[in-house]
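Next up, some structures in structure tokens.
You will see chain A twice below: alongside chain B first, and alongside chain C after that.
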Partner chain A sequence: MSNLDHGKFTRVTTLFHSLLGLDVFLLFFTGYAIMFNDELWWMLTLMGGASGVTAIHRITGIGLVALVVFWITLQVISSTGRSNFAKILPAKDDVDAFIQDIQFVLGRVDERHPSARQFAGYKADEVPLLSYIGKGVVFIFSIELTLLAISGLLIWSKTGLAAMFQTKAAAMAFVTFHGLLGVIMLMGVMFHIFEHGMHPAFYPVETKAFIPRSMVPEHHGDDDEEPDTTGIERLSLSPSWRTVSTVFGAMTVIGIVSVLIGSIFDEGYPVPREIAIGGGPSSILLTVGINLGMVVLGVGLVLSMYGNVLRIRWEQQLEQEREPTTAADGGEPQTDGGQPESDDTEN
Partner chain B sequence: MTNTEDLPEVNGYSRVSVLVSAVVGLVVAGLALFWAQGFRLGYESLYRVNPSVEGGGIGADWVFGNTIPALDFLIALIHAADVIMGAFILVMVFIHWAAFQRLAGQMRDPGEDVGEAVAADGGSPAPGEGQGGDSS
Partner chain C sequence: MSTGNEVMHDGVMSTGEDARIFPDVEACIDCGGCVVSCKRTWDVPRDEQRISIATMLEGQEAASGLNASSGRAMEQSESPGETAVPMQCYHCSNAPCVSVCPTDSLISKENGFVRVRDDLCIGCQYCLSACPFGAPQFPDEDEGVANLVGSGGNMDKCTMCEERQDVGKGPACAEECATDAILVGTPEQISDELDNRDSGTFFNDVAMDIIFGEDASEFQ
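Right after this comes the complex of A and B.
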């Protein structure tokens, strides 16, 4: 028995995560194509040039506003949201977990701190709702998404900007701010994809964010047999993990470094702090690197979709497992797939 | 028996909360759209900032046009944030990459799972039994 598959998120959270991911990926692909248009000229062309790409960016931007406001409201008005908030506040354990991760890498300790684990391994109660990385992702992404949404709306509303600053330069400064802020998010999302896709126990994708905890049975076997360890030693490594994780890890690092260099080098398109002459790909290496970063995002999009496919498969499996139980109650299993009592009250 | 009786107790979000939040989200997004579109199209075309696909030039008046030092500072600040956060994120990638390597080292190698332990007992390998579903 291993306890590696404890779900942690509710169904609403998993659906929100998928929708937010899809929206943010679209925002990245369009925003990325605008900011690094020298290196990603083909993306810009594919999405309909300057007007097409900005149109998609704005539509998905409005989607982001809706999603962000929905989530904030839900956290405030629901008791679940309010109680979860206390659980995701940074604590001393999170600092300890970060330090222990470094020690783990150096071989000084044998296990990762519970607050660093992406899976349970122990009783679900003993493992925090989010690892320290998860908490960081929530806080950093929340701040960034809010700032990006506000600055994006300001860029969009030229009348609003004009009323505030009265200069065209101000509008362009906000474009730069928006783009450079997006680069931080971009780098963070690349890490997020690597972290949840390349964990050897979950490769190719951690299902925690896709399969809600209401669908995950917490006891697989003998209740007396509570594991002493995380149970990872019982798992087999996927044959392709070493190769894929090495290649993908390299792509993630190259992507992050290239985007970082690009943001400095480009001085944040389209407002150079000094007059920029020329254009076009400034460096072959930078062009390749930034395109690799785009591939990393593409893989993230595919993994997000794959996570949802796994959830659907899991749902079907649960349905099949329950059907004989229904028949054993004396009734005839005439319904195909439908449950006699559908209990959808849980979200 | 409900179809979730065998599943763990879950403290989920109530439907009312979700519905109210969805309505609020959509209304605010609609208002944002209404505001962002503006009322005077003249400004929209006047201040439009398009990607300069066909060459530089846009922004050339930045140095001359900017009369607000705070904006210059803001951009310098976000540049610094990019570099600092980028370096931090890279550190996190390397720590996790290395941690994953160690975790992988604790796992069974591909094909190793049914070999040693079961064979030593004299029994035949029974894939999947007692493996927590991860014996493939």
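Right after this comes the complex of A and C.
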């Protein structure tokens, strides 16, 4: 297998990724319109003002809970789910790769650990399909989403929460926690969008999360022979990549920094005023920065839709190619060992 | 009763900018006059109130010698016995509600009033969690979108009768309190008045810091 790092996910996973993305984007847009209502006043207005925004936030919140429950159930009841879960559990190799990567960055070792060498033109027998970074993303996002859902449900009714814990401090702690987690998650998502949208080989969107594994041929080429290379040398860098990725990278960094600063300075919430360094009104720079951050999210949303468009095109193309011949190329992949669609993991 | 003072009631010592509102729990007889006057003045709906009288330790006697001095009892960490505390928005200097409101719907105005801007409130009820005095109310909880998505509706609370104070009148509750249990004035005036009456402050240091900020030292 060529391992150009696409086609790792099953059809259910790719669908789930899109639905989750859509839901989380809606939660971000509404949550941030509430939190940075000064800077994102236009967003608040677009989404039906103060009460409209909370309504959408709460409804999509329920959507998130439903998706999370569905996913956990699927992992538990399906054998594919269980084996996939086993595959993303951190192993010794991941720890080694992580340590070696730190040494690599510090200049202490000459090369990266094989388990960290994704995207670098290696074949599947040389490097694993999932690096520790991929596993980390899955775990970090899963934990964050679960905690966001739980804390969100808990603060849904302040009277309910206060009755449960008998203290206002507990209620405020959950509010603060939910807000801070939202900020951290947003930074992660922005980076996720940059990482997978601006990858030099797959720019403008890495399709592996949209095109299911079952539809991706095992390798590129006409014959059934296992090729010598991954085919990465046949890819050419898109002429606009350098400019676009620089601009987008700058926007991502400015967005992340602004959201972070904004959440500290923006009158207390989610960082309570007692902890806040400054407090007081937000500046024009912050407004621009936070809006840039939202643009990054917007691009993420568009890319996510574009990914789905690519999948539909891909499906049509496969359909057409299948018609005249029944050649193996482009057909259903032959799975070895009778374990179809087992690499149900995310990167 | 009046000592040449233009102001109508003894409890109201000055109005407008920097005026604060604070209870003298020793004087409160739990008659409900303030509740009625507030409702009548602002047409507060039947099941709502912007000021309420919290009765603590109902039917209990205070530690010996302190029965008529709840404030002193609290200062000495003794049981104050049955005490009626008029609870409303005290328009805190360090208002925690303003600090947590995610939409800046709650603002501390220059003149010291804490105001809710209805059009910005999303009914998240964070202020309810933050306010130590139970001031925020949510009368529209079961209406429209609020009912559908389970948010709180617009927040409502005591305004300290800003409009009345603008024309030199005291807050309705303070004006109508038969025993002058609700004091209105600068922190200094309130503290002097409490001293004259030999009443304590009843609230603990944390609460006093929230309500009066730096001026809390007036009450030492």
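Points worth noting:
Keep this in mind: the second predicted complex is superposed on the first by the 246 of 347 C-alpha atoms of A that agree within 3 Å, B and C clash if a C-alpha of one lies under 4 Å from a C-alpha of the other, contacts with A are read in each partner's own complex, and residues count from 1 in each chain.
The rule is short, and it goes like this: contacts are C-beta pairs under 8 Å (C-beta built on N, C-alpha and C of every residue); 3 or more make two chains touch, one makes a residue touch a chain.
All values reported here derive from a predicted model rather than from experimental measurement.
Legend: residue contacts after superposition of the two complexes on their common chain; A:260 is shown touching chain B, with no touch to chain C.
Using the contact criterion defined above for the overlaid structures, shared-chain residue A:55 touches chain C, although it does not reach chain B. When the shared chain is aligned, no partner comes close enough to touch A:298: not chain B, not chain C. Contacts of A:34 after superposition: both chain B and chain C are touched.
Put chain B and chain C next to each other and count what each touches on chain A; the higher total goes to B.
Of the two partner chains placed by superposition, A:90 touches none, neither chain B nor chain C.
Contacts of A:175 after superposition: both chain B and chain C are touched.
Taken together, the two complexes place residues 34, 37, 49-51, 53-54, 58, 156-159, 161-162, 168, 171-172, 175, 267-270, 272-274 of chain A in contact with chain B and also with chain C.
Per the touch definition, chain A reaches chain C in the complex via residues 34-35, 37-38, 49-55, 58-59, 156-159, 161-162, 168, 171-172, 175, 179, 267-270, 272-274. Those residues of chain C that touch chain A in the complex are listed here as 96, 98-105, 119-126, 128-132, 144-146, 148-152. Within the complex formed with chain B, the residues of chain A that make contact are 1-2, 4, 10-12, 34, 37, 41, 44, 49-51, 53-54, 58, 62-63, 65-71, 73-74, 77-78, 80-81, 83, 101-102, 104-105, 107, 112, 124, 133, 153, 155-162, 165, 167-173, 175-177, 180-181, 183-184, 187-188, 190-191, 194-195, 198-201, 212-218, 220, 231-239, 241-242, 245, 249, 252-253, 256-257, 259-260, 263-264, 267-279, 322, 325, 329, 339, 341-343, 345-347. Interface residues of chain B, counted against chain A in their complex, comprise 1-4, 6-8, 10-15, 17-18, 20-22, 24-26, 28-29, 32-33, 35-40, 43-44, 46-53, 55-56, 58-63, 65-68, 71-72, 74-75, 78-79, 81-83, 85-86, 89-90, 92-100, 102-104, 106-113, 130-136.
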